[in-house]
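Chains here go by letter, A, B and C, matching the order in which they are written, and residues are numbered from 1 within each.
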């Protein structure tokens, strides 16, 4: 028997849709080409929940941004990820930009975004004393927030799986044809039939649509480089800092991530290759020279890691969401910024589309909204830490010293599905700190090898050919016993 | 012998100055040039006539606190034999516990030099 | 056989030493010599001894033990003394918090989580390696880019190889040592690339680790891009000009599966920052007095936490002093406070300790900004010494006798290195 729904792509959008559909009595499967969910565009996302006033009203993005924003508190309450509405400041450096601030405020207010206020220089300085003193004014939006996007993916997928979702990773869709009762997906790892296929394949959504014979749009990659700064700078800014957008650019942001680490970026460069995740000398130069004008206390010397992500940009720049000429095939494509913010609203919209297309969505009486909360050792008070360690000695063994992650947390991550160093890193932060895995890499590898019962040499950074270690010459036999 | 055949060059390792030593081999003598101190002169002669090295590597150890045991040559061996010494030890395995200074391979490659453990390896 | 005594963990100790590497071991012994009774040394690995266990090469101990030892031999000699002196050695344990009242939170795999108070604390956490992020190398983020020290641990402690075809970026000693180590393990080491026009490591390592094995050293050359989606597939290298800007027109590609980084160490001062110790902006470690006491009463620091050393022998020497300071602090024999501040002047980047006193002999460690042949080091006008050479990569040590300081009545001494005609 086939599935009612097959979701192609396990990024934030696929995960949010799967979690939404898990509320209903249907059979659904999510197919992801990478070894874990969230390993494509989502893990390189800036992690900003936009305030609700960034996107124009005459787009799909606009209403979905604000609708999505309002759904995050509930998700956060039910699931297990970091989220905080820290607010944002859109900063004007000269008088000409004051109009822009007003324009954004008016747009937000007309949509119902609360709390928008234009602050004068003094107010801005009091709130953010480390901003460049030349600031003229800023638009404060308290509804903006930050999340760890990969944590959100993991949490959504854990919840969906607890409620019946089937997850297939390492499975790339290679062809789509008809089945008795809908569509059939051929993947690198098996064939699956489903009445409805949701195409949220991110960078590759146009190719999936082509396979379904409805490839009437194309996706372009726009690269964004981001630079993570040392924890020493925690608190340098308290809110997300946006420069006033110009006609050509959203500008370089200063983002206090949910973990407190400051991230600066992103660049925005159209590129050809859809897997080009390179960072560049030019990108780094551009980010740091711009960011030093906003927050002079930031220096390139503070950088501990850099990465690049790709935005999946559709023709016309807007989201493409809806049914297609191929019956049962639904597109959720071109989800660039504010896609993360909009994700929960997009999931609602997709459920509505499925209903309109004839899928019966009866509530699942056994649906459990909450996922078991993972212990985050660093967030506990000392008494709770001692209790935790008394119950399980793994919580008294350090794994990652930079981020204070214990073995207990790493083991929990592996038991929740992490199979790779990146899988552990994005679930626990182990290896994400200033030493970038210098201390914890071996420990994490040992724990993966032990829990999954594989040789150390089969442990990878993020699946595929990303091996870490090889045997000494002639040692295969020695390590085998 | 041509002029260049007679000349060899060495980087002195005595201090950060890193003097470029030139060693000339005449029919009855060895002349060292380019040194700044006496140690440099001696080093040039030694390195030219009989370069020797300590060899340090690891061998497999079964049942120990760690899977590898660091070992060293008790004395220096000819530089030309360094790779061969390591190759000779590649398949050697000992059992924990091992005490520091224990000979794990005697008279390696007939050099007269033993290979000894460079630490205690207690049982796991 | 190395057998640590079983530890019965107490709530209070006279001296708690954080870190059991060369600095911690010497400090613990120093504290014992100075009369401290209950001493605890905490280390996160299953053996105390720190990085020395994985530094299996020789070249250690010439100053301290007057003979040439390998890293493990140096570690073992020290650790045996620590055990003989009945110092509590708590391994597999990690100090994760500290306050200014000298309370520590320790997590221990075998003993759970404990709050432990010390009458004096010695911080000896060492340093960590600079990573790719610190120099922002453009390109992809595949596996196979790692620090030389981590590779050394994989090879020498665990018995695995980090790859089969390796490029080494940076000519620090660990990088040079690993070039030889990997070659002897049958790995192809394609070359060592150094952005500066000079080598960072010792000449001895250039000769015995590179020349001996015909491994090329490319000075004024750096890696400008890393390629490979999952695993490193190649790197692009390019020569740099005197402003260190790469000339991409002369770049070339090197197929490889691994890149090791040997680009320096950073003092590990997470705990120092937590209690807001006054830090030296140049060393990035705590400012210390001549007893190695930090800006917080009863908290001492030593070794690579304070400044990055190039010889472990000097770590031992400096750390013993810190231990002595801690021991004297808890036995009520504190030295009089320092009365002279050392101020780095011409061609001096920093001095450790940052203050000294006129009542006794001091060893001052310092580094210079640029190399100089035939120069003189001046401490104000009270002391000067001729030096044959100075190099930024080599720490300069100067002994100051009380007699030269007694005539001095000011409170700061400018320390400078000047060329002689």
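Everything that follows uses one rule, which is that a contact is a pair of C-beta atoms (placed from the backbone, for glycine too) under 8 Å apart; a residue touches a chain by one contact, two chains touch by 3 or more.
Quantities reported herein were computed from a predicted structural model and do not represent experimental measurements.
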Quiz prompt | Farthest chain (mean CA position) relative to chain A | solution = B
Exercise. Find the most central chain, measuring centrality by the gap between its CA centroid and the centroid of all protein CA atoms shown.
Key: C
Self-check item: More contacts between chains, B-C or A-C
Solution: A-C
Exercise. Would you mind pulling out the distance in Å between where the CA atoms of chain A average out and where those of chain B do?
Key: 54
Self-check item: Chain centre separation (chain A, chain C; CA means) in Å
Solution: 38
Quiz item: Once you find the CA centre of chain B and the CA centre of chain C, what distance in Å lies between them?
Solution: 26
Quiz item: Of all the residues in chain C, which ones touch at least 2 other chains?
Solution: 158-159, 185
Quiz item: Which parts of chain B, given as residue numbers and ranges, touch two or more other chains?
Solution: 60
Exercise. Pull out every residue in chain A that's touching 2 or more other chains.
Key: 473
Exercise. Write out the stretch or stretches of chain C touching chain A in their complex.
Key: 44, 92, 94, 96-97, 105, 107-113, 115, 128-129, 131-134, 136, 138-144, 146-147, 149-150, 153-154, 158-164, 185-186, 224-225, 229-231, 270, 273
Exercise. Would you pull the chain B residues touching chain C in the complex into a rising list?
Key: 10-18, 36, 53-54, 56-58, 60, 65-68, 70, 72, 79, 82-83, 86, 97, 99-100, 118-120, 122
Self-check item: List of chain C residues in touch with chain B within their complex
Solution: 1-3, 46-47, 53, 56-58, 68, 70-73, 75-76, 155-159, 184-185, 202-204, 206-208, 211-212, 373, 388-389, 391, 393-394
Practice problem: Would you mind writing out the residues of chain A in touch with chain C in their complex? | Solution: 227-228, 232, 275, 277-281, 283-284, 300-301, 303-307, 382, 385-386, 389-390, 393, 395-398, 401-402, 404, 406, 421, 434-439, 441-442, 456-457, 460-473, 475, 479
